[in-house]
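Okay, so chain A shows up in both of these, paired with chain B first and chain C after.
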Partner chain A sequence: MLSNIGNSLLFLNVIISLLIIYYSYNCLKISNNLIFKKIYNLSLFQSTSILICFFTLISAFLISDFSLINVYQNSHSLKPVFYKISGTWGNHEGSLLLWVIILTIFSFLFLISNNKHPKDYRLYTLIIQNLLILGFLFFILFNSNPFGIVNPVPKEGLGLNPILQDPALAIHPPLLYVGFVGSSIYFSAAMASMISNYNDKPFAKSIKSWVLISWVFQTLGILVGSIWAYYELGWGGFWFWDPVENASLLPWFAMTALLHSLLVLEKRKALYFWTIILCLLTFTLSVTGTFLVRSGILNSVHTFANDPTRGIYILIFLSIMISASVYLLFTKYKPEKSHVSANSKETFVLINNWFMMFYLLTVLLGTLYPIFLDALLKSKISVGPPFYNSVIIPVVVVFLVFMAVGPQAKWIKNRFINLKQLLAILVGAIIINFAIIYFFKSYSVISNLIIISSLFLIISSLFDFLKKSETNLSRILSHLSFGFLIFFIGLNHNFSIEKDFNLKLGETKIIDNYKFVLKDLELYNQSNYKTIIGKLQVRNVITNEERILKPEIRIYENPQTLTYEASILTNFFKDHYLTMSNIDRSEYYNIKFQEKPLMIWIWISTIALSFGGFLSLFRNAKNN
Partner chain B sequence: MKFKIILTILLVNFYSCVLSDEIINENKIHKNLRCLVCQGQSISDSNSDFAITLKIVVKDLIEQGKTEDEIYNFLSEKYGDWILYKPKLNVVNFLLWFLPYFVLLLGGLIVFFIVRKNVKKT
Partner chain C sequence: MQKIIKITTSIFFIFILVVFYISLNNTSDYDTENLVGIKLEKIKLESFENKKYLTNENLKKNNFTLINFWASWCAPCRVEHPFLMELSQEKNLKILGVNFKDKRNNALNFLDNLGNPYHYLAKDDQGKQSIGFGIYGIPESILIDKDFIVIKKFVGPLNLEDLNEIKKITNLL
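Up next is the complex of A and B:
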């Protein structure tokens, strides 16, 4: 029953999209500046029906209707209600439905919120957005239908992978999707802008809020994913340069570049085509990321069930998208008379874009190179954290300095920057760095440079904040928090302590300044798993600080899996992170203990960073 | 004069950390080795038998006085380049290592020329 409702709604959406395209096309031929009322209505109807379609799928998960293959494969009747719901988008088919929802709702919101802009531009945006919607609807209907049925109806579902049963991972995909699927709307708008010759400042104004929204959500989505990886994967890290993580980072770089170049387009009417390219690039990278993740050609910790036909479909979709945008770009391109003077704000925005493109290409290359090498030469290589760290980190040092200096420049004028003040800040940064060396002992040259340059950015952002004349609070906050983010990552990376040893029940072990005792092991039965909880006493011999950590080993039944839950104690100074795992044929347990300084500040800095985006969004909404 | 003072501070600063770079870091080596039986984990992060064995091998090699690079060469000959997270700089990986810097240089030149062209005009 639910399967029929879902399928009918999907068909209905195809028809609505076709109708919207048809009416928009007709409306374009009429020469007044009014959009047919029925286009608005259809667009609202489209958003409503796709939402109902999604709720149909959610209810199938809620009542455990195993006649749907999707529910059968990804749910289980004993699963807690919350994870039944989040299971809806925790799989390939359901998440594609979420894709279409965001495409559709953004299409509707863009249509109703831009009524000051000309008709042609809005309609072309609508048409292109609906072509994207159609592409994904067909993909769902013909290849990845969440409403497919299974016969005979199974009695019980296969269950959701236990490591996905987690609150952070339940909200991670929706956040990330608003980010990178949201970028579709400025892809469509950029195409429409070229077709209808609607450019420069008004174009920049019409998409600015959308870029900000997607950027904020993308940032938060990446953050939640990292927090999840930190406490769930049990390695104590939060960023692994895993290909799937890279896939979410690539659009973020493009968005960040776009966010800055839009400022130039808005204020100075320059860089129009470059901004267009960034709009197109962001969504193209989002689809590329989806292609890489879903086709299964990447080797990653994120395991999506793989199926080569999916890859082929997305690849065709992607090539059409790219060739259409490249074609349009070539036919419309005119060299512009840009007015960028040295030492002006425009120059520094260009510098931002330059570095963003470097990060983007490095990460893209690192992600794709092994695939090409394997296909061309049959040689297998790995590109992991040590590669990215050694290529990117030295460049970040220079980047942070530009980030500190740039905002002080003025538009148009090439006023020289106050050199004395910069030197004073630099000296201040070095002195603080000395203090850090004194407290934590020494560390490597490159870490040293990272700390100094991030302090440089922090101090100069604080100076900007204190200056009364400066009113751009969102920029100061974002730059300041980015400085803090790098600063805390640097400190955390350098001064983390890691101990790895084996322990049995009742045993005591002393390593360096720490004394570990495995006091107790208890077995509990939970609703859908069994768990062994260890009780580990950790005492710092010097400070006499004592903590009890309770790591878990969970045994899930459906499907049968072992997972190791880290025990994490957080305070404002440091995290204690401990995992325990059983060793086969032995009464010993392997213990991994980590002390990670200032961990929580990494999360707080990222939240503050995205809050800067929020502030900018509010200001932008108020000004328009 | 001021510049000299700042330069000295910087040099002292770096000198103090160069010394500590010399020591061979076991964990750094572990982090560069892929656990071949796991999904995208280094042997530092894994508890598998493979990871445990490999950690012992690395320890032995360090005790034999092998340098970091010698250890990587030894292991990649045995298990293939797949095991190294930081690809070696060779003919095959040349583009991987140099393209990012090439792009950085090219981007810099583009920005420089855009800005200079406009300086001339004004």
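Up next is the complex of A and C:
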């Protein structure tokens, strides 16, 4: 029943998309600037029906309708309601439906919110966006249908992978999707802009809000994923340079570069083609990321069951997208006439773009190189944190300095009048850095540089904030919080303490300044898992600070899995992070204890960073 | 100059897409198909029913044996199960099921609900014995002849095509 409804709605959406393309094409032939009313109606109908289609799938999960193979494979009748719902997009098929929803809703919103822009530009955007929608609808219908049925109907489902049963992970995909699928709309708009010769400032204005929306959500999506990795994966880290994490970071770099180049296009009518390239690149990277994750080429916690036919489909889609955009770009490209002075705000924005491209290429290389090597030479290598850290961190130092200086430059022609102030800030940053080193009693050259440069950015941004003439609050907040983000990551990375040892019940162990006692082990039965909870007393023998940490070992039934839940005690100064794992055929437990300074501030800085994007979005909406 | 940029960009993208295509077909990375033709001389699996071991001795009378690795928690195992049920009727073929990292009760429930196609049932609680058969995920099945030579290895759930192929091979006798 639900399967029929879902399939019918998917077919209906194919027809609506075809109709929208057809009517838009007809409408283009008419010379006035009016868009047919029926195109609006169809677009609204399209969004409504795809949402109903998605709710149909959600209800199948809610009522545990195991006649749908997707529900059977990813749900279980005993699962809490919240995870039944999040199970909808926690799998390949359901998440593709979420893709189409975002493509469709963005298409509709772009159509109705840009009515001041010319008809041709809007209609071409609509046509291209609907071609993307069609591509994904066909993918769903012919390869990855969430409404496929299983016969005979199983009595019980197979459950959702326990490490995915987590609130942070339930909201992680939707956030990230709004980010990188949202970038489709400015891909379409960029293509439309080239076709209809609608460029420069008005084009920049029409896509700015969309770039901001996708950037904010991408940032939050990455943040939530990192928070999940931090407390769920039990390694105490939050970023692992895992290829799939990188796949979400690549579009983020492109979006960030785009946000900045849009400023130049808006103010100075320069960098038009560069901006177009970034629009195309962002969505192309998003689809490439999807290809890498879904085709099973990459293996990680994100990998869905391997199916090469999926890979082929996305690869064909990606090839068409790339060829069409590269072809259009080549035919429309004209060298720009506008002149950009070497010392001007334009140049500083360009510098930001160079840095972003540098990060992007580094991460892209690190992610693709092992794949290339494997495909061409059959040799396997793994590119890990040492590569990224050693290539990226030194460059971040210079980048932060430019981030502090750049915004103060003037458009067209700049003169630095506040060199003395900059020098004073630098000296201030160095002094604070040495105070920190003295406090933590630990030293390394690169961490000093990171701390000094991030402090330089923080203090400069604070000075900007105090200047009454400066009104760009969103920029100050974003730059300030990025400074804080790097600052806290630097401190956290350098001054974390880690202890690894084995302990049995009742035993006491003293390591350096810490005394550990495993006081108790308790077994509980929860609704869908059993859990062993350890009670560990951790005492700092110097400060006499005492804390009780309760790590868990969970045994899930459906599907049968063992997970280790870290116990984390957070305050504004530091996190205490402890995991416990059983050792086969032994009464000992392996304990991993970490003290991580200022952890919570990393999350807060990232939230503030995306809030800066929100502010900019509001300001932009108000100005238009 | 522009022409050079255009050509380089195009080559760059084509290169990337081609490599992606090659990688897609490269899923044989962990494949153990090279097992085909090799003789499994020392089969030793713990029996599911008792503490004894199943060895070559138990299987030597069979014309063909299909060794199937499965678990109750494995979704694709349910998908292939009807095919195993059908194969269990073949006269020249016996099926040895290896219950992989499973709970005894769950495994028994699985067979009660879906039927038991196995002539022999072994277990591998730790997943260690299966390594010797080149198993890296389940379900997987290995078809051997009476000399214990691997004729064919099936990675992933058996499908209709595999079913017909196995029937064809075993009925050639």
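Note that in this section the second predicted complex is superposed on the first by the 623 of 624 C-alpha atoms of A that agree within 3 Å, B and C clash if a C-alpha of one lies under 4 Å from a C-alpha of the other, contacts with A are read in each partner's own complex, and residues count from 1 in each chain.
Definition applied: a residue touches a chain if its C-beta (ideal position, glycine included) is under 8 Å from a C-beta of that chain, and two chains touch if they have at least 3 such contacts.
Everything quoted here is computed from the prediction, not taken from an experiment.
Three-chain overlay on chain A, with chain B and chain C fitting side by side and no clash.
Of the two partner chains placed by superposition, A:Ser8 touches none, neither chain B nor chain C.
In the overlay built on the shared chain, the residue A:Ile430 is in contact with chain B alone; chain C does not reach it.
Contacts of A:Gln73 after superposition on the shared chain: chain C is touched, whereas chain B is not.
For chain A, the partner with contacts to more residues, out of chain B and chain C, is B.
Of the two partner chains placed by superposition, A:Thr48 touches none, neither chain B nor chain C.
In the superposition on chain A, A:Ser295 contacts chain C only, with no contact to chain B. Using the contact criterion defined above for the overlaid structures, shared-chain residue A:Ile381 touches chain B, although it does not reach chain C.
Seen from the Cα centre of chain A, chain B and chain C lie 80° apart once the structures are superposed, a value rounded to the nearest 10.
In the superposition on chain A, A:Phe240 makes contact with chain B only, while chain C stays out of contact range. This overlay, made by fitting chain A, leaves chain B and chain C with a least C-alpha separation of 11 Å.
In the superposition on chain A, no chain A position is in contact with chain B in one complex as well as with chain C in the other.
Every residue of chain A that touches chain C in the complex is listed here, in rising order: 72-73, 154-155, 158, 291, 295-297, 306, 308, 311-312, 315, 318-319, 322-323, 326, 330, 333, 368, 371-372, 374-376, 558-560. Put simply, chain C touches chain A in their complex at residues 2, 6, 9-10, 13, 16-17, 19-27, 29, 73, 75, 78, 102-103, 106, 113.
Considering their complex, residues 235-237, 240, 242, 299-301, 303, 338-342, 347, 350-351, 354-355, 357-358, 361-362, 365-366, 369, 373, 377, 379-387, 390-391, 395, 414, 423, 426-427, 430, 433-434, 437, 441-445, 447-448, 452, 498, 581, 583, 590 of chain A touch chain B. Listed in rising order, the residues of chain B touching chain A in the complex are 2, 6, 9-10, 13-14, 16-21, 27, 31-32, 34, 39-42, 45, 47, 80-87, 92-93, 95-97, 99-101, 103-104, 107-108, 110-111, 114-116, 118-119, 122.
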